[in-house]
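Quick one: the structure is below, questions incoming.
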Amino acid sequence: MPRAAPPHWRELRLEIEEFNEAYAATLDAGRVDEWPSFFTEDAIYRITGRENADAGLPVGLVYCEGIGMLRDRALAIAKTTMFAPRYLLHLLGNARVLEESGDGSIAAQANYALYETLVDEKTILQQVGRYRDRFLRREGRLLLKERHCIYDSLIIDTALVYPV
Amino acid sequence: MPRAAPPHWRELRLEIEEFNEAYAATLDAGRVDEWPSFFTEDAIYRITGRENADAGLPVGLVYCEGIGMLRDRALAIAKTTMFAPRYLLHLLGNARVLEESGDGSIAAQANYALYETLVDEKTILQQVGRYRDRFLRREGRLLLKERHCIYDSLIIDTALVYPV
Amino acid sequence: MPRAAPPHWRELRLEIEEFNEAYAATLDAGRVDEWPSFFTEDAIYRITGRENADAGLPVGLVYCEGIGMLRDRALAIAKTTMFAPRYLLHLLGNARVLEESGDGSIAAQANYALYETLVDEKTILQQVGRYRDRFLRREGRLLLKERHCIYDSLIIDTALVYPV
């Protein structure tokens, strides 16, 4: 049921959408080395199946705590050659602002579909899910304090090393 | 061809998008009991194939007239156990405001893709289509006077009892 | 990494999204004769695979230069009967404004998924890609000076004569 939201949430929503599209474009372009720059120093990044997320289980496919772990992950992906070349494309729904906390953090959510194309193959839907996010503002810009990618189901991929 | 729209239609568009994302998040979370709260008392809700809709035929897959019928439907779904558990996810395009009528109703449209995931199965595209809507403002908030879901084609599902 | 964009880019982004949704709705409704009206007189329209686009190769699936070629193409499609009836539906991501040039042109980008449904068949994902656009303002309205559709991979279709 639509509730009355504070008026400044509309601008916040639009700003988050711009953040999300920049994030997606960076990953879609294969610039995984820039991926950590969307996060705060102490950020948490997770990918979890919906069944586990709904049950409150911490078990996930990917868990990174702190920008060091995000950078290690980005570096590992950038260097790896085991991994067949593929194109990714994110299609994002609009963002929903859910809450603003006393510490200035903003909870938000957005649906996504992630498409994957291996060379000379048909495009497949790799996963659909939603981002559950917590943003902080740093020097005027939004950064992710937490991004939790909760997928409904995914094609179990040889290597879901790439960030969502 | 893009035409010049009244300036306040931009805010209206954004408000409708927020309504649509709240509607989708409610259904995606499985809170079907809250679904009728998005409609006016005398609302009409329909799901129709595009071929019939284009031909002006009233024949549809689902037809509800009045909030009583929407509540009955929501209750039936909430109680049913025949129906295998599944996750739904809506991916929505942006809204287009098409018309404002003298009675204050607003005609709008938005494309959608609906993904369905049964436990331990791959996510499938259940249907793509567009919402053809008529909104009314009640106590400052938008409500649906009419939502007509027109799908291009759908995977005929054991039970399309769940609202789109 | 999200950068600080000029404040008026937000309104520009919203205006481009409205343009893109009107463009998609025109094609989805099968009104291909109206398609050229979204372009300037000297516009370029292209559809290219990502591999070629990334390599800077001009080779593409479709190349139209000037509104005459767009009109010829639209006319050919409208008249053709070789081509099985199908429904199209575009699902668009939000637009990103990338640059404003001294000549007033605006570079922008948006992701898309294009779904195709042949009569009595399942809906398929025809292609995912991104629009790389250059807009000009003419008599207060945006028009496409260039639309470059770059697809990740596509289902090679009997006849991709229809614009994306």
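In this document, chain identifiers A, B and C correspond to the written order of the chains, with residue numbering beginning at 1 in each.
The rule is simple: contacts are C-beta pairs under 8 Å (C-beta built on N, C-alpha and C of every residue); 3 or more make two chains touch, one makes a residue touch a chain.
Quick caveat: nothing in here was measured; it's all calculated off a predicted structure.
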item: Angle of rotation relating chain B to chain C [CA atoms, steps of 5 degrees]; value: 120
item: Copies chain A and chain B touch via same or different residues, half shared test; value: different
item: Whole-Å separation of chain centres (CA-atom averages), chain A against chain B; value: 27
item: Of all residues in chain C, the ones touching two or more other chains; value: 14, 91, 94, 113, 125
item: Touching residues on chain C, where the partner in the complex is chain B; value: 14, 17-19, 21-26, 28, 34, 37-38, 87, 89-92, 94, 113, 115, 117, 119-123, 125, 140-142
item: Residues of chain C touching chain A in the complex; value: 1-5, 10, 13-14, 50-51, 91, 93-96, 109, 111-113, 125, 127-130, 152-155
